[in-house]
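Quick one: this structure, given as structure tokens, is what I'll be asking you about.
Chain nomenclature is as follows: A, B, C and D, assigned in order of appearance, with residue numbering initiated at 1 for each chain independently.
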Amino acid sequence: MIKVGIVGGTGYTGVELLRLLAAHPGVQLTSITSRKEDGMPVADMFPSLRGHVALAFSSPEKAKLTECDVVFFATPHGVAMAQARELLAAGVKIIDLAADFRLQDTAEFEKWYGMPHSCPDLLAEAVYGLPEVNREAIAKARLIGLPGCYPTSMQLGFAPLLAQGKQLVNESMLIADCKSGVSGAGRKAEVHTLLAEASDNFKAYGVKGHRHLPETVQGLQAIAGRKIGLTFVPHLVPMIRGIHSTLYANILPDARDTDFQALYGRHFEGEKFVDVMPAGSHPETRSVRASNKLRIAVHRPGGGDLLVILVVEDNLVKGAAGQGVQCMNLMFGLDETAGLMHIPVLP
Amino acid sequence: MIKVGIVGGTGYTGVELLRLLAAHPGVQLTSITSRKEDGMPVADMFPSLRGHVALAFSSPEKAKLTECDVVFFATPHGVAMAQARELLAAGVKIIDLAADFRLQDTAEFEKWYGMPHSCPDLLAEAVYGLPEVNREAIAKARLIGLPGCYPTSMQLGFAPLLAQGKQLVNESMLIADCKSGVSGAGRKAEVHTLLAEASDNFKAYGVKGHRHLPETVQGLQAIAGRKIGLTFVPHLVPMIRGIHSTLYANILPDARDTDFQALYGRHFEGEKFVDVMPAGSHPETRSVRASNKLRIAVHRPGGGDLLVILVVEDNLVKGAAGQGVQCMNLMFGLDETAGLMHIPVLP
Amino acid sequence: MIKVGIVGGTGYTGVELLRLLAAHPGVQLTSITSRKEDGMPVADMFPSLRGHVALAFSSPEKAKLTECDVVFFATPHGVAMAQARELLAAGVKIIDLAADFRLQDTAEFEKWYGMPHSCPDLLAEAVYGLPEVNREAIAKARLIGLPGCYPTSMQLGFAPLLAQGKQLVNESMLIADCKSGVSGAGRKAEVHTLLAEASDNFKAYGVKGHRHLPETVQGLQAIAGRKIGLTFVPHLVPMIRGIHSTLYANILPDARDTDFQALYGRHFEGEKFVDVMPAGSHPETRSVRASNKLRIAVHRPGGGDLLVILVVEDNLVKGAAGQGVQCMNLMFGLDETAGLMHIPVLP
Amino acid sequence: MIKVGIVGGTGYTGVELLRLLAAHPGVQLTSITSRKEDGMPVADMFPSLRGHVALAFSSPEKAKLTECDVVFFATPHGVAMAQARELLAAGVKIIDLAADFRLQDTAEFEKWYGMPHSCPDLLAEAVYGLPEVNREAIAKARLIGLPGCYPTSMQLGFAPLLAQGKQLVNESMLIADCKSGVSGAGRKAEVHTLLAEASDNFKAYGVKGHRHLPETVQGLQAIAGRKIGLTFVPHLVPMIRGIHSTLYANILPDARDTDFQALYGRHFEGEKFVDVMPAGSHPETRSVRASNKLRIAVHRPGGGDLLVILVVEDNLVKGAAGQGVQCMNLMFGLDETAGLMHIPVLP
């Protein structure tokens, strides 16, 4: 059994990690830290876990994280990089759900997250935890920076287009019109995500710039092996879970004959967590609710030159905790799907 | 034109007052205070008011409230009683949407609100602002303590039963099972009313005791002219606006022949804001959305001895701001319905 | 492996059965019938099942249900009783999620469901599938009438009070104020459950009389061994899943010293799917979302004579499909919890 | 007083017309037809209208529509064109909320609506009822084809860019990523818009082609005076009212120095129902809820070459009934804002 610790389990990605790991056949939940809630049984904060998780929160001092095999950080940005060196030195692997180990450019990190990076050497070693792109590197890694929720959907949605040697679309003018449920904003007391504010309402936000833009550009450029240009417009949907990304790309004249449906099918062949749907499909976010699946549909309206790619995922699973468990499975030589084959909850 | 000031306009009852008063034909909005937002145009905080309200928030010092004819307090408990004496002395009438002038028993006030009452003499003078019960006193009052949202629905729902000389129901065992939309919790940054927490969810709260219990008991006893016993169980509904109170009362053997439908019809005859629906009706909260109407249906399941009264209101209108405007109309000799005949918004 | 057939898999209880059974370790899904959708892969109707359920709907003629070990009926009322005799004769066990085998009084059945009962002899043999009450009979049964969603919550909520030899509460005046998510109305094209109608709205319905009343009265009387009187008021909550029942009972003078919290704890000791929460708790429907758990909290507001019992369940799981699987486990000698230990999905 | 008739008042645009017209100072509601509901008081179907609308539905035969000054058609497509000739002959003006008089190309009409156009001569005379584009023609018209909800937001959102002599953006590659609340689907009993289906969910639909595409292209070409190319992707949002259109346009090299914020401000100067918000704004749908206002924000992320225009409207008001009343006001020489200055309902 893999001994697992969680740092910061009081947010949504934390409780989702608990839901997934408590039922994982190869895992022993060892400790979960929260300075503020030291001593409180986890199930007192999250009654959904009553009868499933007996653990209590403990302060970091008592948590003995160095005795774990792997530690997940479900914390605000900046926490993981402060503790990473000590844990790695003790032979503990790290999977960070925050942004500390996502952006390889420390100047970009500082610009978007408002703090200097405290361990650039570890950052250089960190592997970006997107298994469908980086599977082999993840298997060998000891430090994972997990992708953000939006970036997962954008990268997997654009990947088949960019991963070809030949350019198929105008890569300098990619557009991602993304919509997220409010759990993406975290379990934080804020006015704008109150039910009375966010319900029966729809809006864009962060059009000027969003932290997930540089991360996605970095990832897409890694996939393409060349510069790309992306406009990313996030929107807030009055629902709890789910991301729907609507991606637009202009087909280049030379690529007009491409069978894009087939291209996507081939690209993701054999992937357990990516479902390329039949031509003409409109994936719904609820079709992946509470599961690690991501679904994609490829459209070319009117047979024209604009490709429209629809991508859905559960932001807390494939967009966060589930992807973390998927990486853990790879890092410890387990079946990649272990503990992750939940059937989506519908309705 | 009545010159109106608002103290504390950044919450939901505040913005609702602005919506009602900005379109009221007999009112001139004069000032709205917020120490924190001094100088910010109201419409910057609430874009719904763009083009309708030109006023900016001002700090209390600048607001010249003593030049108003009436001041509404849409503030946390305790604010109105601190400013009431000065305003009254200046000839300004006061309508308090908080609890400072609701409970006549100062010990009860201190017990439920955790602060001593600072002006018991003014409290003694204050009139409870429930027009369908207290119309004449309101018309002559200079200081109004407006009912809470739940208490409005419970009192108007039980009133016809208790207002008869003869006891019709077991008045020591009244039950009110009430359900409220989350705007009732106010525009406060709290975790439990986040959309991701409160949506697709239902729960009771405060079963042990809720501040609206003593207020309602006081009101019902005033109506009945005798002691009553009430159990009040509030619940949180995943919707923005609306209260639905399901009231239960055991019919006394002597009263079994009463035509309760007719009794309710007579009791509220001529009332513009209380609608006794036809027998067999199930009022919906949306049927009063954004309006000052309260609807009631009377049921006697199986023709038995338990009376079931269904009451709906918009907690922000008839349960707060609208009722305040209704009181204002009475206090200034306007038509009671002035500025209050909005047709409910459906769907 | 138990060979399982499902009749009528296109509704919400059908797709929920599929979610539970497809991941059940002791089950082989053999056939699922729908005359209308003959030949259509189940996953085309419910994309959430893509990659998990390969089965297609088949017309009843092709389905070879007589080769199954057990058949679930997730159909409109009246279907199961038409097919039961033939299946039972072939040695197939039956679990009916509709009402055909719930009410032992055929006159009552005809009154509430508008059709005569076609096989009273089988009805007499049928066992009411509420394991916490009828565990041993279920284990031996070949024909199960599963409780309705509301009745499950009301019966388990009142059971500890009524199951004592001595009367503790006024059993002639029980009240159940119940609130259900809209999935309880089924996957039927109807105006009143459209999102634009039912969202941001709350209402009671069926106050005059509801089919779940006679069923619940029958069940409570079986538990108590004496007549009881119940008023049941259902309400529609703008959420997908979940039932919250708020139960009221007047404590008899002789029973005032009872420790009701302890009584409930003892009554359900050892039950895997009933969670008696600590005193003072307010269970939320989301704390059981997508799981077979039912949670109960016991309140006595102000220490008075009115007991308030709060009960939550997922109407599609413990209120329907999950309870059916729980019965199946008992009927086939499996661990009662097999395939049912899903951790609730929160948020 | 203008005598107004409504044909087909049982849908959402019908009840919204009733809400607006019942409170309109210059209107007398004369008749409302529904063959199916002949004799039923309108307020029995829509209890929100109790106390505000005394009218009953009447069958078309009894309705005496020819005695009206104007008749609104809030009907399925095809109804208005069948009755238009007779009404016009009787001197009655017509405002059609359906599609019969939107598309000038009858072949396009037949292709998208599946029926031949029965009165091309009247179609040729019909004026497209978008006042901010066609104000003068509307004032003189006797037959109005009202824009669809999506087309209103797209046309007003793109108009300032296309209305200039000089091309500013790549007009052959316009993108409209639009999101609508479910009331846009109408008050029809359908499975996919049930709360249990559409709530806590998000999806695109009609990506292959949607009826509002040809209408919008026609309108944009009329504004531009040249061919344009548009890709339109509609999405369903789990909310009742509101449309949010996110529009994308590539700025041409020659136009890079344009001050687009100023351009939009100038274009809509003086418009009462179009609000160009300050630079950097993110309009919310709830900021226009239940009002006739449309709000626009202009963005240019990263100062790059892609323009992002955000547009919100209430699909039932500015996208349907409100726009109809605005046209009526123009056609009868009333103040354009008469009966339309509702302050949006927030929260």
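Throughout what follows, contacts are C-beta pairs under 8 Å (C-beta built on N, C-alpha and C of every residue); 3 or more make two chains touch, one makes a residue touch a chain.
Quantities reported herein were computed from a predicted structural model and do not represent experimental measurements.
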Item to check | Between B-C and A-C, the pair joined by more C-beta contacts | outcome: B-C
Next on the checklist: Measuring between Cα centroids, what's the chain most distant from chain C?
Outcome noted: D
Checklist outcome for this item: chain A to chain C, mean C-alpha position gap in Å, rounds to 37
Checklist entry - Which integer distance in Å separates the CA centroid of chain B from that of chain C? => result 39
Next on the checklist: Please output the residue numbers of chain B that touch at least 2 other chains, ranges allowed.
Outcome noted: 12, 181, 183, 187, 196-197, 199-200, 238-241, 283-284, 286, 289, 347
Checklist entry - Along chain B, where are the residues that touch chain C in the complex? => result 173, 175, 177, 179, 181, 196-197, 199-205, 207-209, 229, 231-233, 235, 237-242, 244, 246, 248, 250, 280, 282-286, 289, 299, 301-302, 304, 306, 308, 310, 312, 347
Next on the checklist: Using the touch definition from the top, list the residues of chain D that touch chain B in their complex.
Outcome noted: 12, 15, 19, 22-23, 46-52, 183, 187, 199-200, 240-241, 272, 275, 277, 281, 283-284, 286-291, 293, 295, 316, 341-347
Checklist entry - Inside the complex, what are the residues of chain C that reach chain D? => result 12, 181-183, 185, 187-191, 193-200, 238-240
